[in-house]
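First the structure, in the form of structure tokens, and then the observations on it.
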Amino acid sequence: MNTGTALVISAHSADFVWRCGGAIALHQQKGIDVTVVCLSYGERGESAKLWKQEGMTLDRVKTERRKEAESAAAALGVADIQFLDCGDYPLQLDRDEKFRLVDVIRKVQPGFILTHSKYDPYNTDHMYASELTLEARMIAQAWGHNPGEKVLGAPQVYLFEPHQTEQMAWKPDVFLDITPVWDRKWAAIQCMQGQEHLWHYYENVGENRGNHFRRNSGGQSGGRDCRYAEGFQSVFPRTVDEL
Amino acid sequence: MNTGTALVISAHSADFVWRCGGAIALHQQKGIDVTVVCLSYGERGESAKLWKQEGMTLDRVKTERRKEAESAAAALGVADIQFLDCGDYPLQLDRDEKFRLVDVIRKVQPGFILTHSKYDPYNTDHMYASELTLEARMIAQAWGHNPGEKVLGAPQVYLFEPHQTEQMAWKPDVFLDITPVWDRKWAAIQCMQGQEHLWHYYENVGENRGNHFRRNSGGQSGGRDCRYAEGFQSVFPRTVDEL
Amino acid sequence: MNTGTALVISAHSADFVWRCGGAIALHQQKGIDVTVVCLSYGERGESAKLWKQEGMTLDRVKTERRKEAESAAAALGVADIQFLDCGDYPLQLDRDEKFRLVDVIRKVQPGFILTHSKYDPYNTDHMYASELTLEARMIAQAWGHNPGEKVLGAPQVYLFEPHQTEQMAWKPDVFLDITPVWDRKWAAIQCMQGQEHLWHYYENVGENRGNHFRRNSGGQSGGRDCRYAEGFQSVFPRTVDEL
Amino acid sequence: MNTGTALVISAHSADFVWRCGGAIALHQQKGIDVTVVCLSYGERGESAKLWKQEGMTLDRVKTERRKEAESAAAALGVADIQFLDCGDYPLQLDRDEKFRLVDVIRKVQPGFILTHSKYDPYNTDHMYASELTLEARMIAQAWGHNPGEKVLGAPQVYLFEPHQTEQMAWKPDVFLDITPVWDRKWAAIQCMQGQEHLWHYYENVGENRGNHFRRNSGGQSGGRDCRYAEGFQSVFPRTVDEL
Amino acid sequence: MNTGTALVISAHSADFVWRCGGAIALHQQKGIDVTVVCLSYGERGESAKLWKQEGMTLDRVKTERRKEAESAAAALGVADIQFLDCGDYPLQLDRDEKFRLVDVIRKVQPGFILTHSKYDPYNTDHMYASELTLEARMIAQAWGHNPGEKVLGAPQVYLFEPHQTEQMAWKPDVFLDITPVWDRKWAAIQCMQGQEHLWHYYENVGENRGNHFRRNSGGQSGGRDCRYAEGFQSVFPRTVDEL
Amino acid sequence: MNTGTALVISAHSADFVWRCGGAIALHQQKGIDVTVVCLSYGERGESAKLWKQEGMTLDRVKTERRKEAESAAAALGVADIQFLDCGDYPLQLDRDEKFRLVDVIRKVQPGFILTHSKYDPYNTDHMYASELTLEARMIAQAWGHNPGEKVLGAPQVYLFEPHQTEQMAWKPDVFLDITPVWDRKWAAIQCMQGQEHLWHYYENVGENRGNHFRRNSGGQSGGRDCRYAEGFQSVFPRTVDEL
């Protein structure tokens, strides 16, 4: 449903780049304002390179991670990026923090939401963010939560691509052609100085998802030349006027 | 993918009415030509009322069932209905019969295909038709099958609603608003003189799927007034330019 | 196991009506005392109609919801209804509140328990209530919890029908004939003044589950005329002396 | 549904002993006539000990296996045992053989049917027998199959315990107390001279399923002393008048 | 990965005996130091026999349970057993308690970890321990958790055998031959004075898993004579140099 | 189990290259003789490029496909490659053809078998080959099939990587480091002149599976530098002497 806005809920501050950077840039280009919420900076668990530096502190890690995320967001043309700073490894929100997330959702009134896969034995923060998104979406729909505020409709939730998809029981049911904005995603990826070992990996993912797009969009003999794509798994059924 | 045509593969001659009559009428109204293939008449297994008549024969049952199906097809505005007469309970196609089905598919070049759910412990013909559809779709894509003919692209396959959905592990991921053509579906349903006990059942299904449409399309406070809907489960992922 | 009592654990104060009102009335009629526990009033999330009234407050919503639930309980002939008032959207019980629920379970000593489906992406309170029921059942079985009290045996837990069953991965394995008490369920449904849009929906559900009852109980040509039924999914295996 | 009869469909001639010998003996004792159909003798695939003898022939193997099965059937008090002799490894029935099986089903008019698990990567004959049972049940329900014969109702199908249950995705939902007839099952087991290495294994299974019965039937401190049980997985939902 | 150490995370103080006592003794014998962490004593929920004694107190139950566990650990040759005393029924760890578990993991640096199955409707403590293990493993891998400490690598997590495996959706993918240490496991089992009713049950399990070992290791006519085995389900994929 | 041999069962003549070319080359290098069985040439369904040539015939397609497969096999150092020529799109073996496959299995006496994933809605030949492998393995184990021949033991069956893994419900549980033989796999891939569009795709797969290998084999800070890997899903449990 095109409401002119979309929302990304990212457990750690880099997840949104690898997993849906193309979707963000593409929709921004189409005039949809995308807000990214980083629940944590991934400061404890996803900043190994920084922690290997002499005399590193938690605050400095957060500052560095924030800078990287802001640069990547700029490269993607993100409308707004917010850092809830709830801590990671483990990520856990108390009632007030959950309500802050609900505030964001209600303010954005997203046409759709992007977040993590339902299952991830490697990273329980990812599973937690996925559950939390459903919980916050439900609260945002409640007429009795902050009565008088505009309640949320029923936006689709798309689960973006985890690392090692098959281990996460993640099955994409939609492929998005991100060819027109690949250069922006690639620029955003290169902002992730601390995780250079993943750059080429996600380039490969983008190319191979492009192959999947072509396989499903038309067949052997023709079809549009999608070169890069991203996959998503829908949580809710679609409602349509035509198959 | 809108190719201007669609195809329904129905194990028995009445299945297409209950399960996707609305989709048929709706797409016909939109100018999509829908072809219905009935693999059998359901003459042995789904014609109890006829068989209870004195002196009934297999040929007479087939004739009656065909008439009913043709009337229903007319009510829905079906472009073409074909009866492959492969026998039922059990339904089983040999290699030549499969190739006849492939011929139909290639001739129609459907933008999408509708057929039965993957699992059905009550009715193994339904499961068989579902498997068969995937097999025939694959053969129709083969450049080496009747070389020179136009091969099939990669149309979506939608699994329509079985009876007792939860027992069939069927999970709809798309709801189609059939309100504009409900009167046509209702007229087609009433052609099914032999199964009057199911008329009201499928009226209820149509209404309750309308509720599901509304639940997913917008929420509590607004949204279009869909009164009747049909649900479908997609086999393949979608390819899109926008989420 | 007939212990003469049964227990319903309902996340919000209306759930027990739509989902197992028939089972409640039927067992009451058979002399089984049914206790209903409402963990919350659904005051924030399921009372949109009330919140749309000028000057509404949380307390007034709770009062209204409680009245409706008590009326419905009376219509069903419920032996006892208890409101734990733990809050909703999100529902979350601390250790003491869990122990209050355990107290109820131990006092009732139910022959079986009815609660929500295991999965529900639309409503995380429902999932939570389902998990909580298993946790509380386990605590109630512990000899070291309030030593001296009578511990719980091993009652079956039945998951009642959620809205949009297929999205919740809910599969009923038992259908209960509620024809004899349908008028009572219908009366209870009509107590739900705030959710009139659901009355007809659940009437349809009752009728169509009746069809499923007949399909599974005997067949085409005969069998009892069950007109309304409710479906349930068992969590634990049954133990029998005869298949 | 107690129709006074039951039917076991066994891929090979020994399966019925290990997997549901207790259920057979128990129901016979209760006055239910149980018919056992052996689709094959297991002559090629489950008769290693015989084939190791000098000069063994297929006919002699069949004769030996038949004797063993008949002895076991006698020990269990089986009303009737029939050998369809369709061949094994692989087991496959043509249309006529399927109709012979349907004839048996219609003649027996079983209140319930017992057969193999749905999945078995070790033994594709077992999977085949399970599928075949659903197919034959469906044909037996068809008014157009041998019109004039009494059609089948809708008997439950129970999947009996496979070897290595977890590999077969088999999940029992009912445990049957076979303590009163354990001596008969043990006697039948001992008729299986060619598979002595499995006797103790299935004694252990019987004992441990007894433990599962007790765990689910009542709890820690009391309950009936079931010492041996068998587990079954139901294919279809139950229809009841009381939970 | 052989790091010379292994870790068992047990919800209650007896679980490690029944479920992986053989694995513990076997690896100790091979020179791997095994540490067992008991998150609770099972003092409330798994000590029925003690609570039935006059004047029993929580402290005395804990003392008795600890003694039993220490005796069993000694019988198995465990290198170290630690009792975190976090309480049971329900088991729940706060942030500090989680970090104490992480401390143990980092100190041990296990080559592999053993814990409970992912699902258990009978015992939510078991599910909780399984989730907790993944969470603690993740925290132990974080460079920002107690910077300067040695972080954890990526050890395999094996889920050991629950009671009533099929109800827990537990599927073993590895069988370990524990024949050489069966006498040690049997001695440890006999330390469990409070649960004598389970001794023979787990003897049967050991024997039947031995049968499964033989079935999968070689076949009908030969192979090693494994008499007792234990089964495990791997959470993560293996990495190998040869299939 | 190292018997010195392995067997690949490939539906079409190119499958073995993309999906397990590395495993073949690696095991050959270790002295394991690998036999490849191509059930068909993929002559009808997977030879689009050839069929687009003027005047192409089925025989010429088969000849070309055979040449390609033989070249690839040579590049991988395959011990033996056999073409059963059973036809494709659809692939279907009659009893005699199945027995020819069994003959190969018995002659090879493989230590392990590699074949297709269990599910593939895009390509029913792949599903069929997977089922067939289990059936043929079972027949090869039967003492009564060609008595006197050496029966098969119980080799593991590994399902190799399909195209679009998530759609096939394929979950790898073992990653094999194929870095030492990547050049051989790359050479074999280049023999597939008709499917040049897939070369780079499978190069990406090899690289990204290398990442998965590293992620699971040791962790962030160290570990062997696996650059290319292949993933496999095991059908049967493993039997081990050490975890």
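A, B, C, D, E and F are the chain letters, set down in written order, and residue numbers restart from 1 in every chain.
Heads up, the rule we're going with is that a residue touches a chain if its C-beta (ideal position, glycine included) is under 8 Å from a C-beta of that chain, and two chains touch if they have at least 3 such contacts.
Predicted model, so just to flag it, every value in this text is computed and none were measured.
Participant: Can you tell me the C-alpha superposition angle of chain D onto chain E, nearest 5°?
Facilitator: When the C-alpha atoms are superposed, chain D turns by 180 degrees onto chain E.
Participant: Find the pair in C-D, D-E or B-F that has over half of its contact pairs, by residue number, in common with A-C.
Facilitator: Repeat of the A-C interface: B-F.
Participant: From the mean C-alpha coordinate of chain D to that of chain F, what's the distance rounded to whole Å?
Facilitator: 37
Participant: Residues of chain E that contact two or more other chains, please.
Facilitator: 48, 122, 141, 143, 167, 172, 212, 215, 220-221, 231, 236-237
Participant: Building nodes from the protein chains and edges from chain pairs that touch, which of line, ring, star, complete or other describes the result?
Facilitator: If you draw each chain as a dot and join those that touch, the picture is no line, ring, star or complete graph.
Participant: Taking the top-of-page definition of touch, could you list the pairs of chains it picks out?
Facilitator: Listed in label order, the chain pairs in contact are A-B, A-C, A-E, A-F, B-C, B-D, B-F, C-D, C-E, D-E, D-F, E-F.
Participant: Sort out for me which residues of chain F touch chain A in the complex.
Facilitator: Touching chain A from chain F are residues 48, 122, 163-167, 169-172, 200-201, 204-205, 207-208, 211-212, 215, 220-221, 231.
Participant: Along chain A, where are the residues that touch chain E in the complex?
Facilitator: For chain A paired with chain E, touching residues are 43-45, 47-48, 51-52, 56, 58, 61, 88-90, 92, 121-125, 167.
Participant: Note which residues of chain E are touching chain A in the complex, please.
Facilitator: Within the complex, chain E touches chain A at residues 95, 98, 131, 134-135, 138-139, 141-145, 147, 157, 235-237.
Participant: What does chain F use to touch chain E in their complex?
Facilitator: 1, 6, 23, 26-27, 30, 112, 141, 143, 151-154, 156, 158, 172-177, 212-213, 215-223, 226, 229, 231-232, 234, 236-243
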